[in-house]
Amino acid sequence: MIWILDLMILILVVVCALVAINVKDLLSATIIFGVYSFAMCLLWAEMGAVDVAFTEATVGAGISTILFVAAILHTSRRSKD
Amino acid sequence: MRLLQDQTAGQKLGESLIIQTAVRMLVPFIQLFGLYVIVHGHYSPGGGFQGGVILGASFVLLTLAFDQKFALKYMSEKANNMLSNAGALLFTGTATLCAICYGGMFLDYSALDKLLPLGPIAWRSFGIFVIEVGVGLAVMSISASLFWLLGSNGEMDEGL
Amino acid sequence: MSYQTSIWPLAAVLISLIGSIPIMLSDRNPNLRESWTILIALGKVVIVASLLPTVLAGGGFEFTIVEVIPGVPLALRVDAMGMFFALVASILWFFTSVYSIGYMRALNEHAQTRYYASFAVAISATLGVAFSANLLTLYLFYEMLSLSTYPLVTHHQDAEARQSGRKYLTYILGTSIGLALPAMLIVYSLAGTLDFKIGGILSGTGASSQTLALVLVLFLFGFAKSGLMPFHGWLPAAMVAPTPVSSFLHGVAVVKVGVFSILRVIFHIFGPEQLLAVNLGWVITTLASITILVASLIALTQDNLKRRLAYSTIGQLSYMILGAGMLTAVGMTGGLLHIAMHAFGKITLFFCAGAIFVASGKKYISQMDGLGRRMPITYLAFMFGSISIIGMPPLGGFISKWNLVLGAVSSDQMILLVVLLTSTLLNAAYFLPIVYRGFFAESSDPVFDEGIKEAPLFCLIPLSVTACASLALFFYPDIFLRLARLALFP
Amino acid sequence: MKVLALFATLMTGAILLYGTMDFPAFGDPQSPAATHLATYFTENAVRETHVPNLVTAVLGDYRGYDTMFETVVIYCAGLAVVSVLRKKKPSAPENKS
Amino acid sequence: MDQIAALIIAKYNYWIYVTLMMIGFYAMIGKRNLVKKLIGLNIFQTAIILMFVSAGVKKGAKIPILDKHHVMEHGVNVADIVNPVPHVLMLTAIVVAVSVTGVALAILLRIYREYGTLEEDEILEKLGQ
Amino acid sequence: MSTSNLHVYVMAAPLLTAFFVNLVGRVSKAWIAPLTLGCLAFSSAASIIVLGRVMAYGGFSYTVGNWQAPYGIELVVDHLSAVMLVLISVVAFIATMSALKSTSQELPDQEYLFFTLYLILIAGLLGLVLTADAFNLYVLLEITSITTYGLIAMGKGRAPLASFNYIIMGSIGASFYLLGVGYLYLMTGSLNMADIAQILPTIGGGAAIATALAFMLVGLWVKMAFFPLHGWLPNAYSLAPTGAAILVAPLMTKVTIYLMVRVMFTIFSVDLLFLQNPAVQNGIVWAAALAIICASSLALAQRDLKRMLTYIIVAEVGYMVGGVWLANSTGMTGAILHIVNDALMTLCLFLAIAAILYRLGSVEFDSLQGIYRKMPITMAAFTVGAFAMIGIPPTAGFFSKWYLLLGGIEAGQWGYVVALLFSSLVNAVLFFRIIEIGYFHKDGEHHGHEKLAEAPLSMQIPLLISATALIVIGLGSGPLVEKIIKLALPVGF
């Protein structure tokens, strides 16, 4: 565990989260949320939680994002806030 | 091959022969990897849940590259439902079976030793394997069906 | 005093409750339905009367149904005080049943099955209150009575009846849940029991006099059926009900259940000695005096006969509370006796009002000039009732009022004497003109009045009987007097 | 509305931060979390279940009850989505139930 | 200064998790767009997972996959292995989160079918009509 | 420690049957009813036997998978959880009889889906009652929530929107609870409730423990719709399919209150909760009083029977939370008794609503005119339920209210006492308004009632059972309290 790397990823994660909830285009938000998940998964892998990281990679960054995309493509990409 | 031509004849935006062929080749490997993740959960990261998601992802990939009807040929809605039930039943059923066995408790795999004497600890290991398979089945079918339903807005036809 | 366990008190209470089922089932056949009603009423009188000798001999009965709260069972107990009230209620119910048949048939009222069934449930609840062994049981039957009389008040189902029903429930349920229930809870948390006990259960609990005063006031207003002002508004409103309902329930059962509950609380929860000791009698007497005077004054101004009777009732009810509040032996006896005397007098008056309405369709006093010559029996009975209520000999009301006056004297509260005398004058002022105008004034509408005859026999007989009973009670008040004495000095 | 939400968020965050004051230091091998249950699992899980992956052992056996309900959760999710979203086509014989 | 640095190193993970939780929570209750609310929900969930996983970390420890035979014969030094319990819990939590997300998205599609929008205020406006 | 598995079967029977309902039910509808009713009958019988055993031999703990308590997951069967098991399984059994009918009318194509979710929800509730593991509780909480989301979203019209709101609020609640569990885990390293309770005194309070308690409580309060956090409930329950509402409305909030009791008294000690923080305790009782008053007032504003009832449910939550936090044994007895009674009262009223909806299709006040004439038995049972809600003896509602009020007086919490009385009065107004509309409005004022008939027998029977139960439990509340509830009080009372 390298705490500087850890901290950098953490900051990336926070930035991604902020962007994901603030960007007006929902599709972008979703993709950024995917990035967020992936960064999280990196973080956990680096913390020694391999199983959690694996799951987050398949679920959070994979299935979850895909479900979001599928839903957004059937509704609207626009968001007022 | 004929199917492929049909597909390309009614080609929509984003469907390309290269991708479709690549996906066709890739899908068995993905599924194999998914199975590996489930089975090898005892020794490496992974297990029923992760493997199940990977298996489900293979169907998602098929749907994305072709369309939903094509993917449904591999696993129909009915089969999907059966599999999810089977997976969940495998887990809960095993758990209850342990309780039914004389002197056993709920989810106490070592109690299954009375059915087939392999040794209590071996049964624990094997029991974990059985339930991982159950989880895998359920997760695979449901992650696929979640995507299909959301992707086709509940119509189960063309998909995205 | 020893109580023997017996199922009969329960039978006395339940006979009419269970009897409401055959009444409901014989919806299609009015004759059968009314036969049931009479039969049940008769059965009830017989059961209650059969319990009487033991009670007069100083005994009593007890029956525990089930223990619902630790230390507080649902239990029935027949003691002298309960017997006193039960006797009045069951006898008068019998007459009211007969009267109802005449009245309801003559006016061809709707939903008669509901009427008779509710009536049967109501009388069950009344007897339940009379025979309650503790405050919780009393409360249960008290609420049952409120609910079962609601359909009777709303009987006509028009906008006015619904409005009155709403008012009735608001007052009765509101006070019983909002005031009586917390009072009961405070008593329970102080004493750990709710059992009625001679001498009271609150003595010796070390409750402060402020707490006692609070509980007392909560109870006085909580049992709003007693019509104590300012929670009296429901009673005039409830007069939209058919007259038998007004006469029995709002002349006898419902209102006296309120008074009876208050007397129970004063005698058996607080105990007169304790009230004397902490000097709380004045709370009761003041509230009662105000109600007596104000209600009598309002009664003077009413033109609707039933409303005038209603305000008269409010005033008379407070006599009983006043008697109890004097906390002297004679006064309390007077208060208790007044339950019976007023019941017989007031029910006669209501029967007469109903008979007049059945015969002539008239509700207002100003239209009743000269009617007495057309309906002499009714008016004679009305006169008897009035005199009894005013408290003149030779009618029953005199005995109770005499006791009350003696009580006022013996408690050294001359102001109460003044209240009693003033209100007697007021009573005379609002009753006697009716009788006078009935017999001696010229009819205002002779053509219309030409065809008026006496009401049907079913109406006439009960009112004659109760009028005669009022008279008889002056000469033979023995049973009630003995019961009252037994209740107060066992 | 947004101000209220922001206020609620800040409050929650502040309380949570207040709670972290007592936490053992990050990565401390002597923290309670690392010593109580974890010790038992690390020492005994492999021997008792013959599964070298501790996570799988604990997930599948020691806390199998959790995992069972986890499977049921996702099963329910699948069903819920079907029941909420699936459009019925009256012609399709397969959908007749 | 060293103390502050030590404090930062000791607690920064928890601070970050609180920050993420606040972001998610704010999105859930403050945003008007339903999809945004859902993204907020997911961020909230991952924040909790981060907290749990952080709880399991041991400095310099290895991943919780052991060598079977080695362990059977020689036992294991607990301090060398990352705490597996939070990982187990969090696997379950992730599954729960994705299940909830799935159901919520399905319901979102239904809402869109009905109202044609995913903005809370616009939906309320339509309901008001 | 016990090796008897019966209480697990109580939970496992509906769970396993759910899968079969899904498999078989999609082929033939005829199988759904016997399967569902059969497994719930089994659960009810088994839970009654479990209660009998607990009363005879005392409570016991059970370890799933035969792993010792803090390592494996522990189930606890004591008096309280046995009572809850019986309550849930019996209420579910009664509700199902009616739900089968209304579902076949409302959701003819989705019956098998509906009942699969329905059974899993019941299994989840039963599991919640049994578990003694803080994290397992979270998972089960999510199971009940996710099935409820699905069930509610199957409703018509605005139901999906209500369901989405519920998802957001429910997830916040569950996440807060999980945060609390996380804090406790970080501080103690354990997840077993009893084990945490043993370790906590060695830590002796502090910021993290207080935060954990606060977050667990707030999380559960969101789930149980404690007043300012109740926003999701009225819409969700009133828009859900009728079959779901008659199961969810009586059980969901009550089970969550049970969980609050469990969490508060199994994990934290009475000393920590009440004695060290009298101001907090006081404040929560006042909040409960406020909740009761506000929710009752909101109920007054409703013009739809179902919505009105949902606000009453919110008010009742205030009753029980207040009762638990009164911190005396009378209040606690009242709260636990009220869990039982309120479940039955709500069941009775919702069953009546289901019957009315089945025939009439609407429970708006205006459409109820003259309903007593057409559906006398349904409305008679409704009236009994209404009396219980108001708290008129001898119905069950009076007696639990009695204990709650008595507890309030003993604790000197006059605000709470006044709030309870106020709410009883409001309930009286609410229900007599309906009785007046349904009974005393003249016939013929409303059209469309010509063909209205009494509900089918399969809806009347559960209704009559529940109405009778209200009176029987009311009359039997003495023995019930003495023999069971007193023993079910948490340690420290």
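For clarity, chains are labelled A, B, C, D, E and F in written order, and residue numbers in each chain start from 1.
We take it that a contact is a pair of C-beta atoms (placed from the backbone, for glycine too) under 8 Å apart; a residue touches a chain by one contact, two chains touch by 3 or more.
The model shown is predicted, which means the values in this text are computed figures rather than measured ones.
The minimum number of touch steps separating subunit A from subunit F is 2. Chains that count as touching both subunit C and subunit E, per the definition above, are F. Distances from each chain's CA mean to the overall CA mean are smallest for chain F.
Subunit B and subunit E have Cα centroids lying 25 Å from one another. Centroids built from CA atoms put subunit D at 18 Å from subunit A. In this assembly, the C-alpha centroid of subunit B lies 36 Å from the C-alpha centroid of subunit F. Taking each chain's centre as the average of its CA atoms, subunit A and subunit C sit 78 Å apart.
Residue positions of subunit A touching 2 or more other chains, listed in rising order: 1, 50-51, 55, 59, 63, 67, 70-71, 74. Annotation for subunit E: residues 9, 12-13, 19, 21, 25-26, 29, 54-59, 61, 63-65, 85-87, 89, 91-92, 95-96, 98-100, 102-103, 105-110 touch two or more other chains. Among the residues of subunit D, those touching two or more other chains are numbered 16, 20, 23, 27, 31, 33-35, 37-38, 41, 50, 52-53, 55-56, 59, 61, 63-67, 70, 72-78, 80-82, 84-85. Remark: subunit B residues 41-45, 47, 49, 76-78, 84-85, 87-88, 91-92, 95, 106-107, 109, 121-122, 124-125, 127-128, 131-132, 134-135, 138-139, 141-142, 145-146, 149-150, 153-156 touch subunit D in the complex. The touching residues of subunit D, when paired with subunit F in their complex, are 15-16, 18-24, 31-38, 40-41, 61-66, 69-70, 72-73, 75-77, 79-84, 88, 95, 97. Residues 3, 5, 8-9, 12, 15-16, 19, 22-23, 26, 62-66 of subunit F touch subunit B in their complex. For subunit F in complex with subunit E, the residues that touch the partner chain are 135, 138-139, 142, 145-146, 149-150, 153, 158, 160-161, 163-164, 167-168, 171-172, 175, 178-179, 182, 185-186, 191.
Across the interface of their complex, subunit D is touched by residues 15, 22, 25-27, 29, 64-65, 67, 70-73, 109-114, 116-117, 120, 123-124, 127, 133, 135-136, 139-140, 142-143, 146-147, 149-150, 153-154, 160, 179, 183, 185-191, 199, 206-212, 214-215 of subunit F.
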